[in-house]
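Pasting the structures here.
You will see chain A twice below: alongside chain B first, and alongside chain C after that.
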Partner chain A sequence: MNQFNRNFVFLAALPTLAISQSVYAKDYLSVADARKILFPAAQTFLDHKLTITKDQKKAIKDLSGVRQRWDDQLVWRAEADGRFLGWLVVDEVVGKHEFITYAVGITPDGRVIGVEILSYRETHGYQIMEADWRNQFKGKTIDGAFKLDEDISNISGATLSCRNVTDGVKRVLALHQLVLMDG
Partner chain B sequence: MNLTRFFAAALAGTALTAGVQADENLLGSVKGAEVLPKGAYDLYTAIKWRAGKGTGDYDAIDIKTELEYGFSDRFQGGVALFGRSVSNEGLIVDGYLPLEGNFGPKLAAIELTGKYNFLSPAKDDFGLSMYSSLNYDWMDAHSGQDKDTLSLEFELIGQKYFLEGQMIWMGNISVEGTYADRAPIDNLPDDFDWPTDPEMELEVTLGTGLSYRFAPNWYLGAEIEYQTEFETEVGQERWSVFGGPSIHYGGAKWWATATWLPQLSGGGETYDGQPDGLHLIEKTKNEFILKVGLNF
Partner chain C sequence: MADTVRQRPLLGTFVEIGVDGAGPAADAAVTAAFAEIAAIHDLLSFQSPDSALSAFNRDPMAWHDLAPAFRRVLGLSMLLMWHSGGLFNPTVGGQLVARGALPPTGGPMPLPFGQLGDFDMNGNRLRLKRPLALTFDGIAKGFAVDRAVAIVRRAGFTSGWVDAGGDMRAFGNSKLRVRRRETNGSITRLGELSGGAVATSVVAPQVDERFPGLTVSAGDNAPAPGAWTVCARYAWQADALTKVAALAGDADRAALLNRLHGALIAGPAVAGAA
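Entry: the complex of A and B
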């Protein structure tokens, strides 16, 4: 191997060096923050963590068209003075490189109160965390279209993230209808 | 400035700024259909090490550095520079490898590229893009000798997401036409064939691959690529099948892909005494590809 090609070894070592320099993650909101934003009047959040059965997974897929990836789902029941305000569901969907963590507030009858992005770590598409994009989900029910560039706008460079969050909210609404509706 | 050091410094600089990604290469050769969003930049360097012709000691390195820019949400363009080095000891092939020795490293080619996205793999379920490149090259990639080539390539790229995007399929079909003109070489033996009349070459490439994200940011992939070339004088000059694994890291700011592509099968023109079942005149037994990209 000549001198030029020996330099290949040096070049090959660079990615490892770069990885050690730049691995990072950014979390924008905690679950506690999301609770306060989505249910500002709530005094208590009762832990209602779910373990989804195989049959429930199938039913969720049938209703929403989206696969229920996780067996366990983080859910809290929001109350104020004993009054039931709604559900807070924390979910994760596939982003281009990492999972996107987000929270959905749902009224007792199955309408989206709001969506908050807890963690987003992609190259493009940080507009996904802006209120203009998230507000498109407000008031939606399981009967919504949940289609990019129809009822939900797309963000260029982050289409996969937009699609998966959009699908994810629909799946969470299906989970609500099939598993949480009876309280 | 020594070309190698220039590229090494450029690559180190881009990597250490912990910067960049979007037209991210998940595999070594097979391309994906996604394009940069409007206003976004992508800078990457790809190093391809081609090694082994079955006889003697042959290896070559191609370094490509490309800057890509999203002109719209559907169209990206790029400009690329190529550096090359060829080392050949112990193998002379009539008409193809006229000299032993080290040739380069030197600047070898310039390329303009464009990719237009018709269908988005995330929004339309199936992604479809057209890629095109115009390449002017003045160093023969095989022999390292002076050879002017002008190539125009058109490529259809398909892409499909599975498992919400955790697994990605990609498929490519490309046709490349090349006008080639070799420079004369002094002091070759009288009976050595080194045509210097211009010739036309037509290259057809079919490739497909899968990439699976096995952990956040990390992907394992595999690809296979069939390529054949037809040339003015000999008709079908060669065909080959390369296939192998890739590992890819993709983060918010930068990405890297390492690929090993051994030649699995090949045929066409051969040199006397070469091992059977491979094409080893214009191809090698192995290719190793390393890419590092930054996204802005």
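Entry: the complex of A and C
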């Protein structure tokens, strides 16, 4: 990093600290949107929120190889004319660099209908090093600066792995098999 | 800004699709576009043992009937191999396996790389004359983006974009401000994309968690490390031309890319300076 950038990071140190918590963030869908997309034919979504017991957590880990961190899991039962269409599970994964909320639709027999990202947050301190950081602040209040997250709409570059979500879906399928199918 | 913007985990990354419309028709079109991307992945993934490509690579010297998309990507790859003087080369699978960037094929260990003369084609049927492994990792993601764009346009949406983690294409009136994630994690503003495609490939010294891909040469020229960003009309072109950019000599890189209907937007200079 050259002299200019180093000075620049120093000058911008205060707002940077706040913003670097969520450098790249995007909200895609509400839970209601995701329900419509994954179960377009469904008329009702019955709240089926689960509280996972300690034993169930262990069984989920054993079956999927992925640890179930949360006690509560948001689940809805999708129905049309009393016909059971499947489950909608809302889940979160925390990676080294990102925090992702997603919805997965599952058929009654445990096949994945689709996985939709609801919100995506990168927690890296990337922008601290951003070369054109200063330009970002031109004519913007601090309030405006916080909206920078949305401004950065598209990043071309090192491909981010979606393995966390893939693992999360594996865990949700184990939860389906162990808790939803039996319950 | 598009009215519908959705993201799904596909192609080992996050794929975002935006269209200038909302409601059930837009949702259905975007869902169909995601499904098409998943179908291309299922066909052409080297990593997935169940893909048509993996079935081919397990027994590359026997005749295989190719699905239309497989045939199309192969044709585009061979054209680009010819016109780039072999800088783009879909037969480097063996070398990528040997270096640990791709899993073993399940067949005999393939040769590191081949040449155009190794292809034996008969209509939609293909065999290779030597034991090689095909990889479309340098082109399939872009191709999948193009197919997704075609799906939403066919559904009647005139503006939008598809962004597959570095490979993106905008169509109609959609404009995308594009930034690039550098090898050191910093982010550089590149510009605005409309009516075309842009792709970035990172040439990392070795495979690791953040840079799972590897660009390899089928000749003596080593790929220049850093991030390479190329724009072109189609995403498959932009995707494949990033590999040509990384492997071309400094003297004729720009001219070669232009001849191949692409343009270098940014080389690794920015990353190197940081």
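Keep this in mind: the second predicted complex is superposed on the first by the 113 of 183 C-alpha atoms of A that agree within 3 Å, B and C clash if a C-alpha of one lies under 4 Å from a C-alpha of the other, contacts with A are read in each partner's own complex, and residues count from 1 in each chain.
What we mean here is this: a residue touches a chain if its C-beta (ideal position, glycine included) is under 8 Å from a C-beta of that chain, and two chains touch if they have at least 3 such contacts.
This structure is a prediction, so every number in the text was calculated from the model and none was measured.
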item: First, second, both or neither for A:36, with chain B first and chain C second; value: second
item: First (chain B), second (chain C), both or neither touched by A:167; value: first
item: Partner chain in contact with A:99 - chain B first, chain C second, else both or neither; value: first
item: Contacts of A:117 with chain B and chain C, given as first, second, both or neither; value: second
item: Partner chain in contact with A:28 - chain B first, chain C second, else both or neither; value: second
item: Contacts of A:69 with chain B and chain C, given as first, second, both or neither; value: first
item: Common ground on chain A, meaning residues reached by chain C in one complex and by chain B in the other; value: 1-2, 5, 124, 154, 156-160, 162-163
item: Complex contact set, residues of chain B against chain A; value: 4-5, 7-8, 11-12, 15-16, 18, 20-22, 36-38, 40, 47, 49, 59, 61, 70, 73, 85, 87, 102, 104-105, 120-123, 161, 163-166, 213, 216-217, 249-254, 256, 258, 290, 292, 295
item: Contact footprint of chain B on chain A as seen in their complex; value: 1-5, 7-8, 10-12, 14-15, 17-19, 21-24, 67, 69, 93-94, 96-99, 121-124, 148-149, 154, 156-160, 162-164, 167
item: In the complex with chain C, residue positions of chain A that touch it; value: 1-2, 5, 26, 28-29, 36-37, 40, 102, 114-117, 120, 124-127, 129-132, 135, 151-163, 165-166
item: Residues of chain C that touch chain A when the two form their complex; value: 5-10, 12-14, 16, 24, 27-28, 31, 34, 161, 163, 165-168, 176-190, 193, 198-200, 202, 209-213, 227, 229, 270, 273-274
